[in-house]
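Below: the structure, in structure tokens.
Labels for the chains are A, B, C and D, by order of writing; each one numbers its residues from 1.
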Amino acid sequence: MSDTSRELRVGQVGYAFMGAAHSQAWRTAPSFFDLPLKPRLTALCGRDASAAGVVAERFGWESVETDWHALIERDDIDLIDICTPGSTHVEIAVAALRAGKHVLCEKPLANTVEEAEQMAAAAAEAATHGVFAMVGFTYRRTPALSLARQLVRAGRLGTIRHVRAHYLQDWLVDPDSPLTWRLDKSLAGSGALGDIGAHIVDAAQFITDSWITSVSGVMQTFVDSRPIAGEHSTLGGSGAANGERGPVTVDDAAAFTARFDNGALGIFEATRFATGRKNALRIEISGSGGALAFDFEEMNILNLYDASEPAETAGFRRIVVTEPSHPYAAAWWPPGHGLGYEHGFTHQVVDIVNAIASGEQPTPSFADGLAVQRVLAAVEASSDDDSRQQKVPHDSAPVGAGTPATPQGEAS
Amino acid sequence: MSDTSRELRVGQVGYAFMGAAHSQAWRTAPSFFDLPLKPRLTALCGRDASAAGVVAERFGWESVETDWHALIERDDIDLIDICTPGSTHVEIAVAALRAGKHVLCEKPLANTVEEAEQMAAAAAEAATHGVFAMVGFTYRRTPALSLARQLVRAGRLGTIRHVRAHYLQDWLVDPDSPLTWRLDKSLAGSGALGDIGAHIVDAAQFITDSWITSVSGVMQTFVDSRPIAGEHSTLGGSGAANGERGPVTVDDAAAFTARFDNGALGIFEATRFATGRKNALRIEISGSGGALAFDFEEMNILNLYDASEPAETAGFRRIVVTEPSHPYAAAWWPPGHGLGYEHGFTHQVVDIVNAIASGEQPTPSFADGLAVQRVLAAVEASSDDDSRQQKVPHDSAPVGAGTPATPQGEAS
Amino acid sequence: MSDTSRELRVGQVGYAFMGAAHSQAWRTAPSFFDLPLKPRLTALCGRDASAAGVVAERFGWESVETDWHALIERDDIDLIDICTPGSTHVEIAVAALRAGKHVLCEKPLANTVEEAEQMAAAAAEAATHGVFAMVGFTYRRTPALSLARQLVRAGRLGTIRHVRAHYLQDWLVDPDSPLTWRLDKSLAGSGALGDIGAHIVDAAQFITDSWITSVSGVMQTFVDSRPIAGEHSTLGGSGAANGERGPVTVDDAAAFTARFDNGALGIFEATRFATGRKNALRIEISGSGGALAFDFEEMNILNLYDASEPAETAGFRRIVVTEPSHPYAAAWWPPGHGLGYEHGFTHQVVDIVNAIASGEQPTPSFADGLAVQRVLAAVEASSDDDSRQQKVPHDSAPVGAGTPATPQGEAS
Amino acid sequence: MSDTSRELRVGQVGYAFMGAAHSQAWRTAPSFFDLPLKPRLTALCGRDASAAGVVAERFGWESVETDWHALIERDDIDLIDICTPGSTHVEIAVAALRAGKHVLCEKPLANTVEEAEQMAAAAAEAATHGVFAMVGFTYRRTPALSLARQLVRAGRLGTIRHVRAHYLQDWLVDPDSPLTWRLDKSLAGSGALGDIGAHIVDAAQFITDSWITSVSGVMQTFVDSRPIAGEHSTLGGSGAANGERGPVTVDDAAAFTARFDNGALGIFEATRFATGRKNALRIEISGSGGALAFDFEEMNILNLYDASEPAETAGFRRIVVTEPSHPYAAAWWPPGHGLGYEHGFTHQVVDIVNAIASGEQPTPSFADGLAVQRVLAAVEASSDDDSRQQKVPHDSAPVGAGTPATPQGEAS
């Protein structure tokens, strides 16, 4: 029990929505998966000690910190898990890496390309000392999307022709829904584009194992002011309000076309105004040998079309991704007993723990996160330049260089 | 044009819902299919000369008769198409067959087993002279269901274990929806059971190529009186009505379990009280080698599960049944351009014309219709006897003896 | 019968895929709908007299012409129906209008904006004499899409925010599928963009009652040469071929973002490389008050989300668009007995006949067709200019000025 | 922390599939829900100390017992959670209740009606002392099914006419899949009927708030012998095996019709031979005012048809049951971030803890479990008597007497 060499002692910054998802994941992963290191919920960090304490109590964090600097200085912490708004990522992550802590950082990696570049550089430097960083694109760990990538890598889709990806939410349709930090550019970096567009950019690059090389985009803010929520505002108590409205400084929606380095044509949309769609991350990929279609509203299903089937009996197969041979699935329940949203976070823990234990770079790396950031920045630049196509620079090897560790179910 | 030896001269009795569907089919079939005999819309027969005349004009019938006896006596008619209520079938069909006319008769074949037996006997006798009879279970001719049968016959499902079939409508949910002939046992024979239950019994036997050998059933009338519709009533002008209600003498719903001679277990439900379901003929068949699922609300789709696929990529395939290699489909539009309800009637014309031209028994024969009738009668008997299992007698070869003629797309 | 003042005598040019669809529609419309003028299938025109004769015989055309000039000169023709490739539209349509014939012209209206402008001008001129022209965007007449427009016009969607439209086919995925006239820019004008992209542009403008004002696009040809089909080629006998390949001169796929004059953001994709998608015309529209979603693979269904429902029971409603109160539906079958692809053509006949009889402009007019053409041209221009946003010029009143005549089922 | 009066100290018997689900639930419930008592994972009991120890370590159980008698005798245990095969339920549950422990017992309540009656009697007696028992029909706690019941109770369905319920699995399709305790009547009581049929019987009675009063059934064993699995057999090491097969003594499938005391007609099917269906618990309920449809393969969705909507816009609404106002949902993630199979167990913990804390009978009670058992027994009796209808006796008030405690989201 006290053999801390077999533990991975975690310090987590942030305790809200993402904080709860991560807490549950740290605790749950070792119950269902055989892990080489046992995560220990050593410290939870939040500026409000009392609120953080409540969450710590609920999930079993052993201690509470109110200053992330202090957290990083603790020598009983091996990994810093960053669940705070994007504006804080660069400072915390770089400091943690320099202090020799592994880092798991929520997406988007940063609010600007410059910040992301700093972080990627710090991560590259740290990796030379066996200290690793990973960015939290958890949708990759939805078994259906992990399976999608496996099928593409196994050649089942042949040459990829098309990516069509939508991430549709509707929580801003009401013009009187309140201003939150997610609508403030200085905190969130961008709106729908960075928050949910980032996920479909990563998912597309992950599944197809190919970079986006250029984009042409449009962005739009449909409702440009919203009620200030008052003291209880998640903006941080920025003053009381009586019907007062503040400016929305990020995009409500973004859409763009894209070209991939494998020659595929992409079409992307991210919006918080897709009335009736709650969290519809949809992605369809068409190739010369087949196609894949996914919708997070049916997260346990992957639809596969195999073009080699005779026309008579060809059709999209509705695969219920809960078989023991499916990624991550053997650790859970019998076939047909589906998983939920939070399981992706547990799988993320599994993958980072396995990578750290084996001294390998976990994916998606900060370099992968930077690659996504550059796509987002190019969309913004294009949108600001009459939608003119913008090239997306990239450094090196394609994103597929680092395969996700899915020991429970890699396709043969 | 005047080579009547290459024509099939049709006399149709009845001009309402079914009459229109049949008229359109007789006219449309030769436009899209190569037929050995060209149907000629020679005479339309209805008691109301004026109403029949309007329909005749609309669809291009060359003449009108008001008495079916006169129609049958005409020597310029080769085939009698019976689209009237079930109570009239036996008399018209037997007389027509004796007069040497081919007969196409709407389902259910008759209102009682006794009538159906008379008809089957008359049909067997006529067949010895090359005069043929067929019963109109048109759903067989939905391409997806024809394909289902082909797949079963090709062994894709292995040993059949289960049939689950529902035919769900909701047009009687409103207790004040009016009394029609379909709710009068003396005219309709039975209610949901005979009207729509007959279709799923036929479809199940057709697809699985197996007889139902015993049943255990329940029947129910939820609303036992309904407003008499007055002069315009389809009950035949049975007197005006002011809030007057008449008795419903048929079942609103029927459900039964069944055993097939191939060892499969069946479960069937036919109802006019399935709120929100307009015409949901659903059938799912499970076998040791695979499964099929169909819902008429998506009539151009057949779902196929192939159990020989690796678990990793197995799933129900959503086949869009519009490929040139699919039954009947090559005659119509490019892939993905779906067909509608009425196309089954056109296919029925194609099949009966091809069978007659080649001197072969069209299917489903009156014997097949009788087999369905016996299942329905056994359900009623079981329902009347505390749901005790009733054996279903049958004469001879399984229903599969006569394959449907589908020259446009038999699976290899 | 001989009262030709109550007839609409039709001369149709072209007899292939579209020719068959139109023939069946002209013949079927008066059988199911009460029309003020009865269409008469007076003459079918095709360069190959023998082939045209076969089709004429099949559908009941009274005569055959081999030269469209001769057809137009006939004084027993009231309307010219143009079902030939886009390159021929301008010449035939303008001549016909000048000859005082009404015109129904298949989409896209023309191969270039210039041609479309000529046609729109000719139509405007003719309209002053009570001679009308209409372009064949038949998908408007799918009952579900007509209902979509009615719901938008009734305000059920509030302010429109988003249009997402895909038209997905896969018939070119095989690189050895042959060259046809549809892949030759000189005949077809463009590829996926003009052939199927045109439909979703029209559908989007029709349903939302709003113009597209700017676009930013990309176009791509994935397979740039294909086998020449030989003598039987639909390219018109352009020489035999043994493994010879010819150039594909049109786009295989096009994608673009768009802005509408009502402030909505659009995203469009048209492709013949969407593996596994046979004819998936999908459109989803999000508004402040609700949303609509449609997929032609389920053509009888419209999904409606009403944002005014309590969150607890809100959800996309799957409307089976076969109720008597639905557009066009009362003329057909009982609820749940779905229609097929070709019914849109019958509805098109119904609408143009009603408009002509009442002396009103049918819709979509040539001006509407020109508006679509301008969008397509702007997409091409943007694609040629690094996807830079292109403004789409338009003349006048929004497309909604002319409501479709749907006497069988306008929403109250 | 040491205030054990605010704790609920749990002793769980069994640590396999169900044991893991329950362990995760006991630990997770207080992290996401505000509970009046904090569950404490005091002791895990299993005959194999080593195996139980591994599971205890994984989930944080504080101690291990190998004999359930010892567990019951411990005075630091408040509740016994029984996750063992049905044959053991009666003995453990009765002893635990007599020892003053609350009991949560997995379904089916028992292997026979007689055992279930003993248990219900013991529970009734215990309840008089404030000691409560509950049976684990967790599917009730799927938010979509809890919502279904709320909607029925709110009158949204009017008079219930139909229940159609299928529970479809396919894990026995392969005739060489091994013999397990679930196929041994002496351990499992029955096969598909008791294992999964029990769930749909409970769900149907729960949602409709009505008892099943009579049934007519058939049961079938398709494959009557299977390979003995050898030492590792879950049958408990009952001898090694080389190709040896043992008898299957339970049903592979069961189907039955049913009548409810509210006049509804039911049709039920439970099978392990529904090829391609992994865990498809499907239930559709039709009423005079609306209908509901659910399929566990889309567990976060409830489909609602409201018959009071105008026909034009009526349709099944696809409700994504993840809104804060939905049962249990506010405790979890934002809308659209779906739950998985195991969440039902967490909700079960929430409900039993709340009930115990407030001194109220949790539901489903053992009396409710007995009611289900009586339905299953009647199905067996009917199957043994030629499917003759069997009455289902019941004691008292309808199952709806005890409402589930869903403090997080009762519909207003």
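Definition applied: a residue touches a chain if its C-beta (ideal position, glycine included) is under 8 Å from a C-beta of that chain, and two chains touch if they have at least 3 such contacts.
For clarity, every value in this text was computed on a predicted model and none was experimentally measured.
A.B. asks: With contacts counted as defined, which of the two, C-D or A-C, has more C-beta pairs across the interface?
C.D. replies: A-C
A.B. asks: Measuring between mean CA coordinates, which chain is farthest from chain C?
C.D. replies: D
A.B. asks: How many angstrom lie between the CA centroids of chain C and chain D, rounded to a whole number?
C.D. replies: 54
A.B. asks: Nearest whole angstrom, what separates the Cα centre of chain A from the Cα centre of chain D?
C.D. replies: 35
A.B. asks: Suppose each chain is reduced to the average of its Cα coordinates; what separation in Å results between chain A and chain C?
C.D. replies: 42
A.B. asks: In chain C, what residues contact two or more other chains?
C.D. replies: 277, 314-316, 320 - these are the residues of chain C that touch more than one other chain.
A.B. asks: Which residues of chain A touch chain C once you look at their complex with the stated criterion?
C.D. replies: 157, 161-162, 164, 166, 170, 173, 175, 216-218, 220, 222, 253, 255-257, 259, 263, 265, 267, 269, 271, 273-277, 284, 286-291, 305, 307, 314-316, 382, 386-389
A.B. asks: For the complex, give me every residue of chain B touching chain A.
C.D. replies: Residues 147, 151, 156, 303-304, 306, 309-320, 323-326, 411.
A.B. asks: Under the definition above, what is the set of chain C residues touching chain B in their complex?
C.D. replies: Within the complex, chain C contacts chain B at residues 17, 20-21, 23-24, 27-28, 30-32, 58-59, 169, 171, 277-280, 296-301, 320, 322, 332-343.
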